[in-house]
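Multiple structures follow.
One chain, chain A, links the two complexes that follow: it is found with chain B in the first and with chain C in the second.
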Partner chain A sequence: ARSVSTMYCRTTHYVRINGRANGTGPPSGKRLFQGQESFEQAPMYVAVMTYLGFGLVTLFGYFRDFLRAVGLEKCHIAKERDEQKDFVPLYQDFENFYTRNLYMRVRDNWNRPICSLPGPVFDVMERVSPDYNWTFRLTGKTIPNVINMGSYNYLGFAENNVDFLKTVAERVQQYGLGVCSTRQEMGNLGIHQELEELVAEFLGVESAMVLGMGFATNSTNIPALVGKGCLILSDELNHTSLILGARLSGATIRVFKHNNMQSLERVLRDAVCSGQPHTHRPWKKIMIMVEGIYSMEGSVVCLPDIVALKKKYKAYLYLDEAHSIGAVGPTGRGVTELFGLDPSDVDVLMGTFTKSFGAAGGYIAGKKELVDYLRSHSHSAVYASAMSPPVTEQILRAMRCIMGLDGTTIGQTRVHRLAENTRYFRSRLQEMGFIIYGNDDSPVIPLLLYMPGKVVAFSRAMLRRKVGVVVVGFPATPITEARARFCLSAAHTKEMLDKVLFDLNEVGDELCLKFSQRKYTSRPKEQHHNNNDLNKDFKQDSL
Partner chain B sequence: MAWVEVPGQEKVLKPLLNTVIILGLIKCANFSPQAPAYHLILEGILILWIVRLLFSKTYKLQERSDLTEKEKEDLIEEWQPEPLVPPVSKDHPSMNYDIVSGPPSHNIVVNGKQCINFASFNFLGLLDNERVKQKALASLKKYGVGTCGPRGFYGTFDVHLELEDRLAKFMRTEEAIIYSYGFATIASAIPAYSKRGDIVFVDEAACFSIQKGLQASRSFIKYFKHNDMEDLERLLKEQEIEDQKNPRKARVTRRFVVVEGLYINTADVCPLPALVKLKYKYKVRIFLEESMSFGVLGEHGRGVTEHFGVNIDDIDLISANMENAVASIGGFCCGRSFVIDHQRLSGQGYCFSASLPPMLAAAAIEALNIMEEDPDIFSVLREKCEQVHKALQGTPGMKVLGESYAPALHLQLESSSGSRETDVRMLRRIVDYCLEKQIALTLARYLDKEERFLPPPSIRVVVTVEQTKEDIDRAASCIREAALSILK
Partner chain C sequence: MDFKNVKEYLGWLYYQYLLITSIYVLEPWEQSIFNSVLFSILAMVVYTSYMVVPVHVHLALEVFSGICGEQPESTMALMN
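Up next, the complex of A and B:
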């Protein structure tokens, strides 16, 4: 009989491991600062009802398609030009089945236009649809002061305080908005270099490079690092930009289960032992690609375990800190700091400025050789516009603030505030009996709604109560796990959170959203105590 | 049971053995003393063989066994990956960026030297425009800098809707969609429509972001010679023949032609009217990338469709960035709603990226205002382009590549030294000489190994409306001097 380990080693190529880490979540190794991570499974009936729900809508979809086909229902779909009717259809009918029959009916819950700062509260533009969401009309009215639980404004740097933005305004005056050239040609401004030095200092690495778009940071740099004959081990829930970058690189891609270290080790071990498919030559490089915080799960990467694995198997580690930089760690340095790891343990540190810094763009940081190589070989350094100078200034300002270089403790206070808000909001939601996913420290909080009908009802009900929430369903999540997602901000006050919690409690009862079967002990004193402890820890750390 | 290793072996060997045994037994049963001697001998051999088969050790078709734990550990121990990145030498041509201190506008400070800018794609001089700046400042005051979210999740601002509306009106199309980065625009648009199995015909001179979009689409890519309509037609005809062989497949294979309006790599214009004819003849859709021609060509700056007087509805999708003539950041696609709307759910760079900072969108709106109010700006630009084009003719040892009305020309060596490296070095010396004389130029940069068809090395000369007659003459004579002394 075969031993378990031989089975591992024989796992054939192009393994695609589907399925998800459920139940208890990944095994925790050396967790220093990190809190618990939970992925509670819903009762069986929920899944049954969810599938039933989808089945019903699908049936109706077919029915209505039939009505449209025989001309009993008006067809709102944009049509091909008459001149091009005999061309090969641009879209296959079945491709758009769900868009036409499901998404269309509920699309008022996405792309809601706003007309103010995306701060802790914003003004949503009211829109109405005369034809069940096929078209929208803006009424010109606004729904003012909606509490914003959707924007990635973790540290509250989406702000328009004139004093804070003084330097940004100066840069607009001085530089204008664009750059009109690439970094390698005539777009390498002094201010970009200033930012790169600051980013390197902030992260505690040798060197850094900044780019004008976060998405492109992944998709244009990964191909410069790996190529044919290399292997990318990618977490199954990685962001599209990472997947696109991996695909553009030409490297072989294998997927491991979300944050599952056994799965990763199995794939790694097999890769090193059996080499490339067909030729069986050893891989040139193996790169593990993970994210710091997963934006749909709220989970935090098991970084210590991954670092240990990568060292054991001599793989390289690419860490995307889009959601974690600024948002976790006692001083906002991201997941490396959260786990007390040395940033140099991670080969490629990537992150974006869109979230915690309230700006736009991304960075890649690491050893000097790495960044030098990327400066000369990154697609975006050669072909894409350099970063807008006022945007650059916003990042400089926010980063200086977090680091305390502006001579204040505002940044540090915000990092603490976010951690407090996160713990508070998470524990209250759990007490109320909602199923929420992810790590205790993660400011991204998914609240599971499961059934498609509830997703829509929830989002609309919350907007009526003037709370702006983000809901996501299939295909961004597994089909049975539609959810709402809250992104906490340091700018949220306790009153705002309490109002949101109050509304959530009521809507949760109304719509029967409290699926959790766990019992949580009542919070008040204990939680407060914890928060104070947390603060002490932070203070000691920042000294 | 080690040989279970090779799946199927068991199934092959056992029945074979069984057949032989059964045959043997039948033979034995028929045994009679009247049989001829050779028969007996034969059957005797057969029986012996059966006995041998029965008692011999089973053999393996393929000698292979599992690695033991020890061997695996050794393999893991042994394996040495390549370094993450190869070392880059200090004098790599792209290692030492020119440093621009202060704004990259008409007067630019490069490496500490005050120069006149002939390198930034600021064609209309809008980078330094006071009106644009004021609008951006007003937007900054209201919205701050970032949007902190993708379009789907509260990242849609009134400014974005206004800009999309304005772009659609400006281009006279039904709908426009904006992206937050120029590079990601066409690179996301192509794979939103063209999927695995579809066919894309593309010009060899197509820019890098088109190449990346094609790669992401995983479609069949067929390159035709630059601006060669006969070559394109040849490929289309070939495809037609192919289609007749398999009409079922042909009915679901989408086909596209991807071209640029003004090619960034060659500075010449695509033969759009001829393309439109081919489009209807062979039923292919045209995607047109207009980053260099939007806000440049045509009486109102609408680009290459206006330049040729082609009906814009005949082009299925137009994409351009707002990083050149518009002097902001980002890009857009426009066309009929039937086509464009699809990207709102399928354009990766649109759905999965934070939206454009409102102040950059506000700046783009104001730039459109200026372009609409004062269409003369385009004829001024055209005049300057012609001046520059003319002034650069007859530069010793160099040739000018591009149309006379193209705002970003290429100066190439008339005869290559044979080595790309030497050519680049020589051109770089010309650029340095001009920098010294206060004319800012730049080499056109490429990733040599990544480009599908690497263009020859060249110096980029960018025309803007802010350049005066004197500036142009000075630049031209400066380049001439440099070429004379360096190329000899």
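Up next, the complex of A and C:
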């Protein structure tokens, strides 16, 4: 019997108000939008064994370092020369120790080379290591038609169908590939302006600016918005690009607990009451930085609460929708649409084109004055090379497809299929007994594995069954919470998902990964799959 | 999971032990070192408990029976 005593689950109910822009007058139809997030904790022995495992491998790490220092073993990794031995040591910090002794042993699970389009299925190149992962050798064979559960391909726009890419090919013939200039000098093409207008229309804001790189959109624009004397309130689990941008700006940074509105309110009140650290003058600007979907947790930001807090304390809101634009919301417009909020409530909307649009780059959108200011004051807008023409055309065609402007309903079908896939996959995983983090609507699904041995064995076992998964361990996640992260796609068919679920079930039993202690009502048993169905190869074909 | 024989089941148990203690990520000779160290520690524990525990239990039982045996005798002496 399973008990629910050790479970932490938060159910948040959001009220969705239809239609009104300014919120006055009675809402015509109130629908209750339930966003349920759960972060179940594993039983105590799991944490104990995880620490024990790390401790043992660390001990063996010290032993191997000793052997290397004495000379009994050849050192494959960088070490100081004899002349440098009297100076400050270079390779003794924890990060280098960890890389040498823990990461190198198992690094065949990361950076696997692929040799095809990263669509719903792809080809992985086979490689072997004769010396326990210090060096690799490609055998020349590929593992064909591995199901791709790791690419950020939410709407399936990473495709190479010639019909869909006709306009992109035309642009290559018209403009070539490199722009050879910045937007400010000679690189401002007509399609760039067309894209910016389309992005503004897509998001429902006044104006938008596009940049060539998503990471650089955050790290170079935040210094243009805030500076010394301003305060940034950043969520605990924000992405590195946001943290880098905040640090580069020189503003004071305070962190609040992940998605926790009480913590945010407390920090806001303290900031407004006490002002700047020594002088107690009021802050010039207070900016709250959050993300739409946090990719390591799969959680969705509590946007209505944050907007209410921002209005109460007169702060600004910077929303990074890298993973949520195109992937959530009834028509793929992101978290503002998911909660039924007005996009002009958010001061700075930022997003990337890498995930749902199958291209590269980022955008910043908001009021016209803001975007005009950023065009001349942001580092990447002034100095970075302009976006390449075929990439711009890919974003244009993808966005028109989602909005339905190309006359077809392909875009809407894909958005709905992603939502269905998400619901199906999440509910089946929870029924099987795995611990899943995050909101029921997010297409990013972290599956908790906890122990380092199991993380590695899981990745290898799934690759043997021709499913490619991404596993994440210590520096990117807390030390006891290693996980596998699934990114669903609208291009995944139900057969592919069923095969992945079947394999997950078997691997979960084999490795004892089903830690969940919740009780679920059993679904009616689906017809059992024959092995013939599941050994079917999933060929790459266009949608 | 269906196991054809006991050997397969024992192999699976050994695999679980490797995974849980994270010895799975080590090279085979390191696994042998760890297994031999663990086995010798467990053997020493078993041997020590075999030597020590029966003697101590016997002594402890004697002490307790001594206390319980004395009480009724002393009260009888007082009454007489």
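Details
Assume the second predicted complex is superposed on the first by the 470 of 543 C-alpha atoms of A that agree within 3 Å, B and C clash if a C-alpha of one lies under 4 Å from a C-alpha of the other, contacts with A are read in each partner's own complex, and residues count from 1 in each chain.
Going forward, a residue touches a chain if its C-beta (ideal position, glycine included) is under 8 Å from a C-beta of that chain, and two chains touch if they have at least 3 such contacts.
If you're wondering where the values come from, they're calculated on a predicted model, not measured in any experiment.
Of the two partner chains, neither chain B nor chain C is touched by A:Y51. In the superposition on chain A, the chain among chain B and chain C reaching more residues of chain A is B. Within the superposed three-chain model, A:F502 lies out of touch with both chain B and chain C [touch as defined at top]. Contacts of A:K79 after superposition on the shared chain: chain B is touched, whereas chain C is not. By the touch criterion defined above, A:D372 lies against chain B but remains apart from chain C after alignment on the C-alpha atoms of chain A.
Of the two partner chains, chain C is the only one that A:F60 touches; chain B does not reach it. Contacts of A:T99 after superposition: chain B is touched, whereas chain C is not reached. Using the contact criterion defined above for the overlaid structures, shared-chain residue A:M186 touches chain B, although it does not reach chain C. Residues 1-2, 5-6, 9-10, 78-81, 83-84, 86-92, 99, 103, 110-119, 122, 125, 138, 148, 150-153, 157-160, 162, 165, 168-169, 172-190, 193, 212-216, 219-220, 223, 225, 239-241, 244, 247-248, 269, 272-273, 282-286, 312-316, 347-348, 352-355, 357-360, 369-370, 372-377, 379-385, 388-391, 394, 468, 470 of chain A are the ones touching chain B in the complex.
Of all residues in chain B, only 1, 66-67, 69, 72, 75-76, 79-82, 84-88, 92, 94-95, 97-105, 108, 110, 117, 119-122, 126-129, 132-133, 136-137, 140-149, 151-158, 160-161, 180-184, 187, 193, 207-209, 212, 215-216, 250-255, 280, 283-285, 313, 321-324, 326-329, 336-339, 341-342, 344-345, 348-349, 351-354, 356-357, 359-360, 363, 440, 442-447, 450, 460 touch chain A in the complex they form. Within the complex formed with chain C, the chain A residues making contact are 49, 52-54, 56-57, 60, 102, 105-106, 132, 451-454, 456-457, 506, 509-512. Chain C meets chain A in the complex at residues 1, 12, 16, 18-27, 30, 34.
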